[in-house]
Amino acid sequence: MDILLGSIASGILLGMVLSLVALGLTVIFGLMDIVNFAHGEFLMIGMYTGLLTAQATGLDPLLTLPLAAGIGFLLGVLCYGGFVKYLLRGPMIAQLLGTFGLMLVLRNIALLFFGSEDRALHHGLLVGKSFDVGMGIIISATKLAVAVLAVLSFVGVWLLMNRTKLGKALTATALNRQGARYMGIPTERMNALAWGIGGATVTIAGALIVNFWSVNPYVGLIFTMIAFTVVALGGFGSVPGAFFAGLVVGFIMEIPGFWDFFAITFNISWMDAVPMTSFKYTWIYVSYFVIMLISPRGLFGWKQ
Amino acid sequence: MEAIRNALDFSDFPRIDRMVALAVVLLLVTFPLFPHSAFAMATMIQFLMFSLYGMGWNTIGGYGGQVDLGKAQYVGIGAYTTTVCLLRWDIPFWVSMPLGACLSIGWSFIIGYPLFQLKGHYFAIATIATSLVLKDIFEVWKFVGAARGLGILPFKYQTPDFLRLIFKEDVYYYYTIFGLFIIGLLYMNWFRKSRLGFQLRSIKDNEEVARSLGINVHWAKIKTYAIATAFVSVVGSFHAVYVKNIEPEDTMSLDISILIALMAMLGGAGSLWGPIIGAGVLIPLKSYLKEWLGAAAGLVGIDLILYGLIIMIISAFEPRGLWGIVEKIRRRKRI
Amino acid sequence: MALLEVHNLVKAFGGLKANDDVSFTVDQGELLGLIGPNGAGKTTLFNCIAGMFPPTSGRIVFAGEDVTALGAPEMARRGLARTFQVYVAAGDLNVLENVMVGCFMHTRSQSKARALAEGILDDIGLRDLKLNLVSELPVAAQKRVTMATALATSPRLLLLDEVAAGLNPSEIEDIMAGIRHIHADLGITVMLIEHVMELVMNVSQRVIVLDYGKKIAEGPPRDVARNPVVIKAYLGERYVRERKVSSDGDRHEHHGRADS
């Protein structure tokens, strides 16, 4: 039973972070119908930012978030202004491969500077601490703090997009680009802003994730795929959709835990034999495929 | 008969194209006669392999406009079929290669049917997903060696072994893949003029119009996907006996899928010469950059950075690839 | 003999009925016009007939067979061809290749398809443009390419969707001659949607009028033009006035576009 509850708790906490990971992707997609393959690499950069500043300054890794956000914002705006702007004029195939090129460049720059080995945080206010909430569930303090901060960031972006004039201009551009331009909204600048927000949120997510996940230059791809799945499930372009879909994907990532629970509780021997942890990510790919077939516009899709 | 005539007929290309193509083929035939390093030979073999991969991708991706980023799974199926057949039952290459192609085609029909209900980005990401699922399965499947993969021990065979395609000297591999390259080129020359080829280009242009012209769009895509798959699978089988050591990571990873798409894309998707030009530029660049900058100067990954930059520049400024530049110049001259 | 029968066709998009209980027949060898204000559901009707999407209810009978559930490719193979209102040819097919795609419906052989396509291009008068990309051509030539491509499937019934839109008077004359040629010389039954009244009223033997998805009138062009319901719903006072003026003076002076 404790395995089951532990998996559920862990799934929810992870899910909240994954929502934040996918947020930027869905904002960008909603605005300009482009899929950013380098999304996971932005996250990787956030992870390194958190790790390296924490190690260099001795500050707690959770305090590095503003720096990560700043770097992410700059990176996003730079990528848009220097590169993506030109991609948007081309056919879809060029957009796909173009951001893939960006991914290769970012990944290998990281490889060049940081080497290929796994790095993890060993110190910090919360690293390694956990507490018992009863019924045998042990929640790691890091994961809880990270989840809370992720939700706060998410709400922050949501407020920015729904309660400020700037955010409303952004949403208007996403709904109707032509119309927004006629209303005097600088749509070019909105695009850049979307990339800035996208970059900032995903690097924050990276700086959070590094608290319980080791980082190497190749870590990006799996997060890109996770983000694609969250966005597909939540509906391409939908911000609230991304939040709920993130929770669902958090649960999907915990499938090995549920599997163990059933195998142990009901003593099913063949289930024990399957190396379920190796298929941790496989379920993500499978669920993307299935979601797209059943409901091509996602569960919360709002844009045709 | 007409099919063969069409495959051999290059007369719709300008004279200069045919001359250059002939010169390249002659150069390829005589290349092993010139003094060359083992490294140059390996690069040439890679070039021919990736030309073929690119030609396969070009059917569905170039002519059909369906951005398929999951071709690596068929490299894997081809390579694993050949290796497993050889190691377990001593089945020669010339039997296991078509067997692998059949398995690949079978698998391509199974996933192609749902896959082609998706369009655009959704399709592209789904192709990645399917490919990665297969890779994950192979990484734990003991029968195929799980994550460590399988190795062919060449000393167990007497070389040259033309049936199993086990050689000590690379020159045999070179001529084998060159033969496949010529067959592939002629097939593509037929394909682009065939009914299916025309239907695909019409689909790429506008699916609604294609439907109104009696084309079963879904089925045409699935058929073409199977053709692309067969190409990739055959080269995958060749990869297995040539490299002799396969693992899921270097046959089925996303990087391989992207590399395959990139050959056609850089050279010019949807043109006969595109994949060959793309492979001709990218493969030597990749090999030598890796050799000089990576191994010699100790800058790990710098080859891939340059590689990524090339991809970025091409996709932002000349999405029709190198051949697109040539065609643009020609068009300007004509007008 | 009726080539096409449409019985009580309804097509709803959500709550909006784009076609509401439309019934009519097209006889073998007829040239039928379909008019109506913007948003009257003309193109939706074409799409239903051509099998682009299934109707919500109703029945479509083509050449004596119920074809209501058939998709566009099957309809094309049974002898129904259509052109598209907005034809974006961004691809790399040239004019000849475009027409060949249509010819490939009946043959697998490239040489046969090519010969057939060249014959059609000669017939339509596009021979000199055959190696140009469609996107390079002026609008009038593009329209003729779409007609040639549709003809390449050797149809029994040809649906033309606004082939004269955006053309100048002399180009409209050419298109009109082209439609007459297809109908009279090639013996193909034609049904056309058109906003250019000059063209519809001149070439059609019979006209059907749609308004808000419903059929409001049907008959010879002259009668329809005088029908008070049609005038009220669609043609408007202005057209009637202009028509009076023009029938007094030179007919070719004006191309009254009722929607403009």
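Letters A, B and C mark the chains in the order given here, with residues in each chain numbered from 1 onward.
Quick note on the criterion: contacts are C-beta pairs under 8 Å (C-beta built on N, C-alpha and C of every residue); 3 or more make two chains touch, one makes a residue touch a chain.
Owing to the predicted nature of the structure, the values given are computational and were not obtained by experimental measurement.
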Subunit C reached from subunit A - shortest hop count over touching chains: 2
Taking each chain's C-alpha mean as its centre, the one farthest from subunit A: C
Interchain centroid distance [CA atoms averaged], subunit A/subunit C, Å: 51
Between subunit C and subunit B, distance of the C-alpha-averaged centres to the nearest whole Å: 44
Centre-of-Cα separation between subunit B and subunit A, whole angstrom: 33
Sequence positions of subunit A contacting 2 or more other chains: none
Residue numbers on subunit B that touch subunit C, as the complex places them: 2, 6, 193-195, 198-199, 201-202, 204-206, 208-217, 270
Touching residues on subunit A, where the partner in the complex is subunit B: 33, 35, 83, 86-87, 90-98, 100-105, 107-109, 111-112, 116, 217, 221, 225, 228, 232, 275, 278-279, 281-282, 285-286, 288-289, 292-293, 296
Touch list for subunit C against partner subunit B, complex: 50, 52, 71-73, 76-77, 81-82, 84, 87-93, 97-98, 100-102, 104-105, 107-111, 113, 149-150, 152-153
In the complex with subunit A, residue positions of subunit B that touch it: 61, 65, 67, 69, 114, 117-118, 120-122, 124-126, 128-130, 132-133, 136-137, 139-140, 254, 258, 261-262, 265, 269, 299-302, 304-305, 307-312, 314-317, 319
